[in-house]
């Protein structure tokens, strides 16, 4: 099996199937907003099970969404991927009605990609607010 | 209000209340295994909503549990805490029936603690397997 | 003493004094290429003491230059600074006659700034090559 | 060429040759204190060119020593190595007459090792003081 990435339409279908299927991403209800080669925007709505004791999005949820965004951005370039490592900095409480993660592949090698993501807290009546920034290394497999 | 940490019994009650209450940690069903000054062991059972498309624990779940462990270990030393940053390395697929996270405060300053955690995949019929390692910086607030 | 950042001209003079003075940055012969509010470009020439056993720039040198760039970018915003933490990913061997580091403050809070840097290997007869990427958190002091 | 690690004596000779040869490690005057399979202790004396403007060891020097320790610890397990990524947290000013870095491989896979290091400031008349902690991923090459 070649490691050539498929067409963007095929990737988009595959990622939508992920979010509609079972598992953690489906439970998070990850919404695919935009997909381009090496770039992805995804979003979730915030509901009580996603919050922590101060009432804003749990850091684990912010991290999980960022990790998913970095993986999916790499999945537009490599066939199958798995996260090797990431660093996340929390910059502001993620207060709002949703989260938006925007990931961009910085550089892609044969075996892994370096990816950065910004995660924003969103709401209807206020501008998006940068809540966290992530730098990830995503391994290409299969 | 002083920033002196309360007695371990009070901390343990507070953390158990967290996991029994609402929000993401309650949904994860975080189980408090062991608490000591600057150290914590927590665990979760793995159910379908916590997995990814290869059938093992989603990296976001592994990260969230590690983040919670680092925060709770720091909560035994400082009154209220919030994660500033963490780095996680994924070392092996988290295949099993549960996850166990063990966090230890390396050094505690006035305003933040440096904490490391190891996250293991657990199962009834196999030894624990190191799935990820985390290095976090947890800010002391309030 | 206020923590208001001084004028850019004063900052530039102070940073040039650093690189002309004693200590590690002077030994590295850090060259200030460009300074703007929250942004900095610095460069060094590569000489034998800066290389490792494969003949390209030592990772410690690449990291040190990135760390310096992140600190100096923050020094255009806060009076005095100290690095709290950084993560660096090495993307390609730093082969060339020099290194160029470009740092940009992503977000600045009261007590610290989040900064990212890209470090390029440079040479006279080839385009700049991205050798490493860094995400740092720089504390504001004094 | 096999990737089987050589005997510890051969590794020790090779690392001593590094520190006695040319390049950045030789300039740092890295002293090999202890070598075991998957573990290394190295030290340097602090001289003016290694300091920053507050008079303690430059973060770049602390990072470079930690990076070298993580690489050398992995070199006791894999034939040739190169740093893929590391995260460093600075915990206290590195004030003293020297630095001591102790690195331990946490887990070694086929293609890379996860390594942690602690870097201490040392002096004749005071106990060692933990100045920084590092978590690295070191790739196995050749």
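The chains carry the letters A, B, C and D, assigned in the order they are written, with residues numbered from 1 in each.
To be clear about the criterion, a residue touches a chain if its C-beta (ideal position, glycine included) is under 8 Å from a C-beta of that chain, and two chains touch if they have at least 3 such contacts.
This is a predicted model, so every value here is computed, not measured.
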item: If a chain touches chain A and chain D alike, it appears here; value: B, C
item: Centroid comparison with chain A (C-alpha atoms), farthest chain; value: D
item: Mean-CA-position distance for chain C and chain A (Å); value: 29
item: Centre-to-centre distance between chain D and chain C (centres being mean Cα positions), rounded to whole Å; value: 22
item: Whole-Å gap between the CA centroids of chain B and chain C; value: 34
item: Touching two or more other chains - residues of chain C; value: 84-85, 87, 89, 137
item: Interface residues, chain B side, partner chain A - complex; value: 18, 21-28, 48-54, 58-61, 63-65, 67-68, 71, 82-90
item: Residue numbers on chain D that touch chain A, as the complex places them; value: 84-85, 87, 137
item: Chain D residues within the chain B interface of the complex; value: 87, 89, 91-92, 106-107, 109, 114, 116, 130, 133, 135, 137
